[in-house]
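After this come two complexes, each holding chain A, first together with chain B and then together with chain C.
Entry: the complex of A and B
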């Protein structure tokens, strides 16, 4: 390329956006954009088809934004930012908002869905099959859009016919196949496939046995056989109450359950917002309060100790291996990075095996068959998870420290030496402050990461051991593994409570990070 | 001008692509009222890897008869219960899933399953099977297999069936001192505890978890294991722990390997290990679990069942498929061949393919004395404390009866808090 063409090119680029210029790769861009649009449109259509309006609206807006942005001549920065922003919205912002919402609800076992589902489930349970009652093969007929059940009767040559509005009654001119009536003049008999084509209508069809509701109603659950049921629960939509067969009235207790005056609740309930009660229960519930603060303290200790020890270890290794007189530095460096190269999952599992009190390598070989309960006694377990976590974390510290040291101008050290500073003084007064400027943000993010380091705890000890077999939290439980225990391990899944604690974790980590970053700025100004 | 062309072109291509991609969407969602419309509904089934092929096989004849497609999705069995509970309300869950009978209470508590009308077919199932899918008088699943533990015996090390636990351990210790075995008696405990495998021993002391109401349902208000019988069992655990016969480091894998290698005359295990044990020890015997406390050592009898989602849009089709196809004798025999667990349908259990299988017959014989695994939600409050306490007692971390009392108090509180 000549200098001339280079000077000509920029104005042309400025005039036209890549999306509209007939340049090489245009076809590819067009196809890509079309694909995105097609996918988006498909998503909108699919979302509308299942009536997920929020998702449909989000997709439509996102699609419009993407199109406007990529067809526009300006908005160059947006072209780079939009994909990331969209994914941030879906994977981060939405999740945080949803967690925030769920933290204020009683979402969990027994409060799993909405009120309508709960009513349906209660009424479904509240229909009882009458013992020794009618149970017969059924034919399903249709006339003028209304569905009918045709059943055999105990009268010879007669059959029973009924619909949702007309109770069962005897009819004379039914067509029989053996003892089973299969048709009636004027009515169409539905075939198996037609029955399945409108299975929800047929499944919901309840044909009264007589004018008296106490006689029950006939239903089919498979489209082939009919049985008689009586309702033991009745829903009154105007009063929003459910009445049981024994006359007990259950009304909405405002906490997502139908409850009688005596306080007896019907299951299932439904999800309702409960204000701050998930948050207050951390303080007020005794079985939660004790473990919560213990776990909180250990979480801080664990995260801070991990970062400090790992950083100290990594930095000293980096300093040592940076010294020109050390031989085989490359090989040593490669070896030090090894723990970082193993997947953390694998490391944790391997360590768990090594630390097994009876069959583990450490007790068997290093301690000559001693019976040391590395993972089973509370303080040793804390020590073990800390050591393993430091082992997994220090190579990273070693890497970043090496990088920072090597980028440091050697004149600084020489100048300090000339001024008569010893190596200790050089390290503390010159190198470390300079290192911290570039490494402090990494230390902070490392702290946040370890604050929520679920893997290393869960894979090593599952949060255990329990000091007392009935404790709610184990000795090595950090907040996030405690939340997991609450949400998935206990008697009832308590998603609402787990979300509340997750939110607290989020606030703690965000607060500490924000504070530390401000401190880091001070550090920068100092230099 | 050029820009307009571009946008038009883009619009045309987009529309074409969207049309191609979207053409099958409306079809999937029709289940509307027209009588002449072809059926386009399809059933989604969640099953584990072992059972999926059999279900697919049964689905073929179902699809041929009804025109309804069945899609079987393989899921991790351990996660299915909770995944289903959280997914069902969104309408995204399956129409049918397999699961344990002891999940019934949790499913009903969350309103995610619908009662299944077994009709007259119900009489054809083993009582304990129907019991395990019954919750507050309603049947919520179609059982297909029973599972319970029994005692495998290596005849080379122990030629006779021991009458009591003491006798079994004596035989085992004799084998250990003779140098032919390494462990007198194998029972998996795990550092996390395993009350399921331990239950027959607890039952032999007369300490069931819950009392039963007259209709046979478990009563969460009556923790029957919290009496003197329970404490007698706790003392026995401590004694066996001290003697080193019960070890909390004994995981399922270690126990299995030890028995396969002929290192112990006895192991308590279930039908899932039959094939491996028979390969290693061709003449392995399956015996009832010997009594430690004097009463019958009844194991938990669990049931595997098919459940139908309360949010399924295809209730009729799902019920037809479950009751008439998966509940058939052929299906239950096939499921037995795939999973090795005795069928829940009596007619299938009496089928030659099952009846001539000595291990199935032996497990069935033990199941007769068994009790159904509690399916009430309160059972979830029991497992954790129960397991941890057994471990603490075996490891000698305190007075057995004090630990047992603590566990009982904690379980009681949890059940009361949850209800």
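Entry: the complex of A and C
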């Protein structure tokens, strides 16, 4: 290496590589940022168009932060963190906060929307047909899943269009057959067959005649003719009460419903915050308390038993097989971990077939045609989900135990043997304590994973069997599948209560995890 | 399943894969005793193998059974025929190929994007010292304790709202589902990658910077290549996790043609359990093959506690 090359080479190389890389890199960055800005601006406009101010504001702030960060020469860590953080904020942080918020509301069936929607629905539902209203032939149109009424109007060449959310208004370019408008570009006209298929939706559709609910609604009973209905309920905005035809006055009862003095409530209600009542109802509501605590106990039992049994099995297999006298250990291990490699959602479904009481392999072949209700009787179902979950979990325990045993220094065992310990003694006093030290964090995280192991319960039994069809919880329901049942299971969806229980699960799991992190000193390693 | 796998990968203690240095037993064992010793071990191994494998053997046999019902599947390998596979792929009532494609697409995109987002964050945490770094890492660990599975009610409500504003991100949209999964991209992955990134010595970055490389160039051209093993692990764990997800996918996707394997197969088998068994079995076998292969390939990395790094500090 000469002095010349030492002094000359670096500047030349820097100039070359820096220039090309800089231009190319900057161009790429500019294109990406332009695309992000275009998408973001489109998003803001779209959100403003539907009056979603919160979304618009979030997008505008996010866009500003992105632009400032990526055009600035500083804030280098932020350039790498922002993409992931944006997703984290929307789909993790917001979702957690929203769960927290919904836990304190009565959100659910009957309390789905805001107060104005509830008033509109009450006024629309409690309606009667105007005796002198003329019938008008109606065409039913559909666009993006929403149904519309198309009616003739007084104006030549124009028709009236409206849906449940948009009052009737004049439209110009309708297609007429005689005096009857039958279609509109961009909308699909439903045929008789389709009308029949959506009978109940069409029958329930009440299209407001104007922005003022007092003008009444247009409805159809047969999908052919529409009539004007007026509400028998009257809403008094100053007193915030609803008066029925018979003079009963319903007022806001503070719990998201209009109720009469006698306690009769008008449905639907609206979403309001209800304080801790979702949490207290777990204790005070008798029909909820029993199922909840049953599920809670079973959830702990299920998670603990799974981990303990799977660990005992996995460790035994590791001790048995991890021995120099056993040939083909590598192949044996690969075969033994197959249940773990097999996708978990499929395993549960395969076992559902194996355990089928009428035709399943277990009853037909292993028990010679016996009629054992593996998934239909409460305690057998609990046993079944446990066995299946152990089947899915023990290969993992086998894997990590094998690893831990192999990393254990052999001198320890030799020293214990020299001191006269038998293999039992070596195992209980030397190997197991050491293994537990290194595997405890994995066992605890496996516990918290199984605490929320929705798939292995739901895909096998759906949380059932239900001892009575009206029960709130099935015999094998764990907390997370119980939440699913509350939120999406039956006719009465209770999002608020479901979120409250989700929050409780989080507190339990976070408490256990915090304990485990403290134990394993993850926090100290971090610096 | 994946959560624990990730834990396995992130925790250093179980360093296995050292077949060459097994624990030596006492040297005075004679050959006959060794054989006896080994034979009971083989016996236990055989029992364990039967327990581990019979459901898998059963499902393979059922997929090849020409009658295709649950009852007929009980006679293992009594007849072999590819009829169920043909039915599976041809009957429009269950768009299996679509489900398979959807699962691969959603899982693949999620995996690649997760790796990218996680790697970016891990690079920031491991290479820069900034205010709130420690707090940020701690927050990620805390957030990860609230799994998205637990928040499916809120996710459902969020996507219902988003559907009115951006239909493409709302309910019944695969892109919307991918976005939800990407919300979990940081969290445990960042922590996992952070440890690995930190094992690459800073001197490599510094020498590249002296040569005129920008921080972006160091990241894309140097660091990402050196940490390739952990990128593969995170990608595959994320892929398997996405494939296995049932709750969120079933809440978000409702149109049959858009659904994933987990949701589609479950609904298919729920309809007519016994009669659909053969076709389901064929679908299960086809779906499991890529995952099992990936897993067996990945096993080395999981178990060895990710010791296969290119540069160790």
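One rule holds in what follows: the second predicted complex is superposed on the first by the 304 of 527 C-alpha atoms of A that agree within 3 Å, B and C clash if a C-alpha of one lies under 4 Å from a C-alpha of the other, contacts with A are read in each partner's own complex, and residues count from 1 in each chain.
The criterion applied here is as follows: a contact is a pair of C-beta atoms (placed from the backbone, for glycine too) under 8 Å apart; a residue touches a chain by one contact, two chains touch by 3 or more.
Note that the coordinates shown come from a computational prediction; the quantities given were computed from them, not determined experimentally.
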Inset, instruction - State whether A:46 touches chain B only (first), chain C only (second), both chains, or neither. - result: both
Inset, instruction - Return first, second, both or neither, reflecting whether A:25 touches chain B, chain C, both chains, or no partner chain. - result: second
Inset, instruction - Identify the partner contact of A:351: answer first if only chain B is touched, second if only chain C is, both if each is, neither if none is. - result: second
Inset, instruction - Give one of first, second, both or neither to describe whether A:488 is in contact with chain B, with chain C, with both, or with none. - result: both
Inset, instruction - May I ask you to decide whether A:208 touches chain B, chain C, both, or neither, giving the answer as first, second, both or neither? - result: neither
Inset, instruction - Examine A:510 and indicate which partner it touches, taking first as chain B and second as chain C; both and neither are also allowed. - result: second
Legend entry - More chain A residues in contact [chain B versus chain C]: C
Inset, instruction - Examine A:200 and indicate which partner it touches, taking first as chain B and second as chain C; both and neither are also allowed. - result: first
Inset, instruction - Would you sort A:216 into first (chain B), second (chain C), both or neither based on which partner it touches? - result: neither
Inset, instruction - Figure out whether A:359 sits in contact with chain B (first) or chain C (second), or with both, or with neither. - result: both
Legend entry - Intersection of chain A interface sets (partners chain B, chain C): 22, 46, 50, 356, 358-359, 488
Inset, instruction - Could you pull out which chain C residues touch chain A in their complex? - result: 1, 3-5, 7-8, 11, 13-19, 21-26, 34-35, 37-38, 41-42, 44-45, 48-49, 51-53, 55-56, 58-59, 62, 69-71, 73-74, 116-118, 120-121, 123-125, 128, 130, 133-134, 136-138, 141-143, 145-158, 161-162, 164-166, 179-180, 182-187, 190, 211-212, 214-217, 219, 240, 243-244, 246-247, 251, 261-262, 265-266, 269, 273-274, 277, 280-281, 284, 287-288, 291-292, 295-296, 299, 302-305
Inset, instruction - Report the residues of chain A in contact with chain B in the complex, numbered from low to high. - result: 19-20, 22, 30-31, 33-35, 37-39, 41-42, 45-46, 49-50, 71, 109-110, 112-114, 117-118, 120-122, 124-125, 128-129, 135, 142, 145, 188, 190, 192-203, 220-225, 227, 267-268, 287, 356-359, 376, 462, 464, 466, 468-470, 488-493
Legend entry - chain A-touching residues of chain B, taken from the complex the two chains share: 2-3, 6-7, 9-10, 13-14, 17-18, 21-22, 25-26, 28-29, 31-39, 41, 65-68, 82, 85-86, 88-89, 91, 106, 108-112, 114-117, 119-120, 136-138, 191-192, 249, 310-311, 313-317, 319-320, 323-324, 377-378, 380-381, 384-385, 388-389, 391-392, 403, 406-407, 409-410, 413-415, 417-418
Inset, instruction - Mind listing the chain A positions that touch chain C in their complex? - result: 10, 13-14, 17-18, 21-22, 25, 43, 46-47, 50, 52, 55, 76-81, 83-85, 87-88, 90-96, 98-99, 102, 107, 316-317, 320-327, 329-330, 332, 334-347, 349-354, 356, 358-361, 364-365, 391-393, 395-396, 399-408, 410, 413, 417, 438-439, 441-442, 445-446, 448-449, 452, 454-455, 458-459, 480, 483-484, 487-488, 495, 498-499, 502, 505-506, 509-510, 513, 517, 520, 522-523, 526-527
